[in-house]
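Naming follows writing order (A, B, C and D), and every chain is counted from residue 1.
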């Protein structure tokens, strides 16, 4: 029964988490005010014999106040959200120099393509690994997300990454991992019978380990 | 049936719309129809802008002159419908019958021409799924004289015109009923709600066709 | 009651010598049709609930066979273990059944039919036969959609949202006829809804009794009227989309097929362009009923009646420009996402106004806690949770994490169950006397309320926490993921609560049936309410009003200083009242 | 696809109830009465260099990987000592007219170690095809026929079996698992019992034939088809060797 988000491991995760906690506090306070108010009213104004309710039609002043407060609050939340949104998903948010990977979703696998020795994605020397994404730490990476058959959704909880893979579209998803380790990838959009099994792992390496892994894999692909 | 009050809003009620229930009802229902065709036309616009290479030029596959004549027919039927309504407003039963029959015939003719158009197009190889394999049009496409695929073009064309045709057919069926009642003398100068209601529907269907003809055949 | 006796207009209800079939089966009486919708919806509510129980069992006890699951055929649950394809069908059908065949007919079909003519002082709907057709068409659609379970490949399995291309080809789901039945059924039930909405709007506009001006309409009627407009304009969008998808499946069109020029994202736009107004279709009538009941129980006028009406209307307008917030992760242009975020934030405001106004209504009241009021207070407190949890998803960056997780499942159930269904229980209890002439048993009612309230919260509140843990929705087996394994005990807890919540509905069912036969006689006005429905006998007779009711005031004149009693019926003429113009209008 | 769509059209749903795609037809025929006692035997050879089979990365499925000693290989072209396995051989001409009784004994295919076993399965029209999952994880089985009704079903647990039938002859119907994209199998459905699949040694036997001259066709998933003609005496045996590759 935790309201704490699981540990994060990407650069923008803290911004998203901060926004979440801001909203959690605001809505939490609103929740307490309303529910406590309800309970107080229930107790205080419960029917008692011989008493008559006060004949009140309304109060413009009160209504203006409780229209304005929520309105201002949601607009503030909106403005805060807008900035983070633009940084994470905006059209020009992908950092220059991010390492590209091809992530091709299909029922019910993630086919992840890596650049070959020529340093270009989408050329003949690329190699593809099923359900395994290996990336270097502290280095922006960008997934060129595509789908083979139906809509899938690339969900990496620890990185606070989620993006639908839409057949017929290529969508760029960028992030920068901040911790070395293994993290899970899940499919978040119902994609058929095997939806539940459509998981994968992302392994975050140190820069050296990453180069070593890449060389091993490239060699294996050559064989 | 001949109660003159029937052409007015229900008596001793708060004034809402200053029309009788059936007329208000058909206006409301047509609001729903507008949204239905909005969905179809909206989908057409999205698909067409998304995949313009699937569209042939207006005259390449569709027979625009024949459909233009058909459009003219449908407009004529709106005119006869207006005439029918005007006749019964004057209490002229004979003219009402005459114009209702004319509207039914022209409406049915429209559906007939559309059926003929569909048959011809299918015969040439234009299907809701695109070209029929091995058809005349598929050969033209293979020679590069037509778009390589017209799949979504076919899909939009048949869905939009088909649903309009369905509406016209339903209208004709209802009008046959109204005409039958007209021959039995059920409509009077004082109460001719059925004629007015079917007329409103008919003009709506006509209007939709003019929009569809423009965007499907001419653009 | 000093009303001027006026003859009623001619109605078809003049004769009471109708056969049983004409009177109760193919009835054109709005009250009978309302009750027909009520019984139909309860059956579908049961179906939908059973589907939810099966899903919960799979999530809570994945290693144990479903009790009595052996009774299900091999294609659904061999050995009592649910198959993933059957689970997907359950996910899909639970959502669809609950939205289109339980909540929507309960709110709109039942109470729209039952309340509108009674509350506005009309003898029946404007088009009684259309009304009857609407019910039978809806029932046909319900049978069609359930038939999906009995055809090869099983029922539709692409989610209640049926995103293309998953839903567009049997190749992707293994579902063959079920998806097509689903689409046909939605188009058919859409027709029923459109006919119903046409009827409601015409009736409210044209059939109001003399003196029942727009701003004397009860909020329940305002809500139903606004809802009818939303139904009228939103449902045809779904019908159009469903027909296109049906053609994609059957005659080979390519609207949603990305490999041949189609646009899968278009389905989402069409679906949610319908779908967000639909969300308000599912809550606005509930807000209306609750407004009526809270005012009645607090013995006070509704606080800020006019702003309540304007809030309804503004929700109805804003509801059309927020659909994109369902699609933040869909690949839609992120700039568009910003626009949808702002409109979504704004639409929270009228909902907030309504909540505060309900509280204002209770403030300084003299609150009776009859069973309808218990449900209404629960509605307000649960709707608040559902509304506040919506703010998380409305913020696109936070939605990155919460999209398609159990957080959204919790959110939507707080609105649809905590909101709509509590209001429905309240409304059924409140208007039961007028439907059947008997009161529902208050003790059973309270038992049902408290059990439901407790287990409802134990079921759905922890789903927020599942969502915070990242638990995806619509997954068959969360144990596949390591990060979800710590949540397994919570899943089991939710399942147990859900089973108890299901069992807690038994007192309601017993109460509903027993009271029908043995309930206490209700009398005309058991709740001392002001509405027009309470001046006629219970159950309300054919044709409703023996004489034309004339309305002198709004519906919420409780504890008025003008009279001794704490209520003042809309038709009671005080010396200071003048006859409305329409009452004396020429024949 | 068209057949699929037409057959599944909503208006027909009443006519096609039942889970497993139709009746067994002649289900009572326990033992097939042979028309004769002649047989065709032979071996399928492969000449030249066999293309290398790809290895499978099963790192994600430890339960399957554990069933292999070395690196799992996708057995697309399996050649040992010049003999080719997984070739489907059937008589295509010269048979007396049917119909032939349908065996009630099922043809079996197993999912074991995230591979299909056998990779190529022959079955008669209407014969039950029993699909088993021996892995403790979810497989889905997607059949993609063109003449028969497709299906896409799942088996989430070890030991599950599902029985299906195909009612129209079709050589061949691909099966695949989408959870494990490498998993492919082929079911060949014919309307007579005169067919065989080569074993690891490339050999096959088609028995129970009456005397006659028969056209025989051999099919392999990547190498195409080869055909031959052979004459057998009553109660005799004839040899037919075919060669792929080169």
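For this structure, a couple of remarks:
Please note the rule applied: contacts are C-beta pairs under 8 Å (C-beta built on N, C-alpha and C of every residue); 3 or more make two chains touch, one makes a residue touch a chain.
Model, not experiment: these values are computed from the prediction.
More contacting C-beta pairs link the chains of C-D than the other of the two pairs A-D and C-D.
Annotation: 54 Å between the Cα-based centres of chain B and chain D. Computed centre separation for the pair chain A/chain D is 45 angstrom, with centres defined by C-alpha atoms. With centres taken as mean Cα positions, chain B sits 48 Å from chain A.
Rounded to a whole number, the gap between the C-alpha centres of chain C and chain D is 52 angstrom. Residue positions 138, 140, 152-154 of chain D each touch two or more of the other chains. Among the residues of chain A, those in touch with two or more other chains are 107, 192-194, 196-197.
Taken chain by chain, the contacts fit none of the simple shapes, being neither an open path, a ring, a star, nor a full set of pairwise contacts. Chain pairs that touch one another, listed by label: A-C, A-D, B-C, C-D. Contacts from chain C toward chain D in the complex involve residues 73-75, 78, 81, 83-85, 147, 150-153, 170-174, 176-177, 180-181, 184, 249-250, 252, 476-477. The touching residues of chain D, when paired with chain A in their complex, are 57, 59-60, 137-138, 140, 152-154, 178-181.
Considering their complex, residues 1-6, 15-16, 19-20, 23-24, 26-27, 30-31, 34-35, 37-38, 41-42, 45-48, 51-59, 62-63, 66-67, 70-71, 74-75, 77-78, 80-82, 84-86, 88-91, 107, 149-151, 153, 155, 157-158, 160-164, 166-169, 171, 184, 186-197, 199 of chain A touch chain C.
Here chain D touches chain C in the complex through residues 2, 4-5, 8-10, 12-13, 16-19, 21, 138, 140, 142, 144, 149-154, 156-157, 160, 162, going by the rule given at the top. The residues of chain C lying in touch with chain B in their complex are 6, 9, 122, 126-127, 130, 194, 197-199, 201-202, 204-213, 232-237, 239-241, 243-244, 247-248, 251-255, 257, 260-263, 266, 269-270, 548, 580, 582-583, 585, 587.
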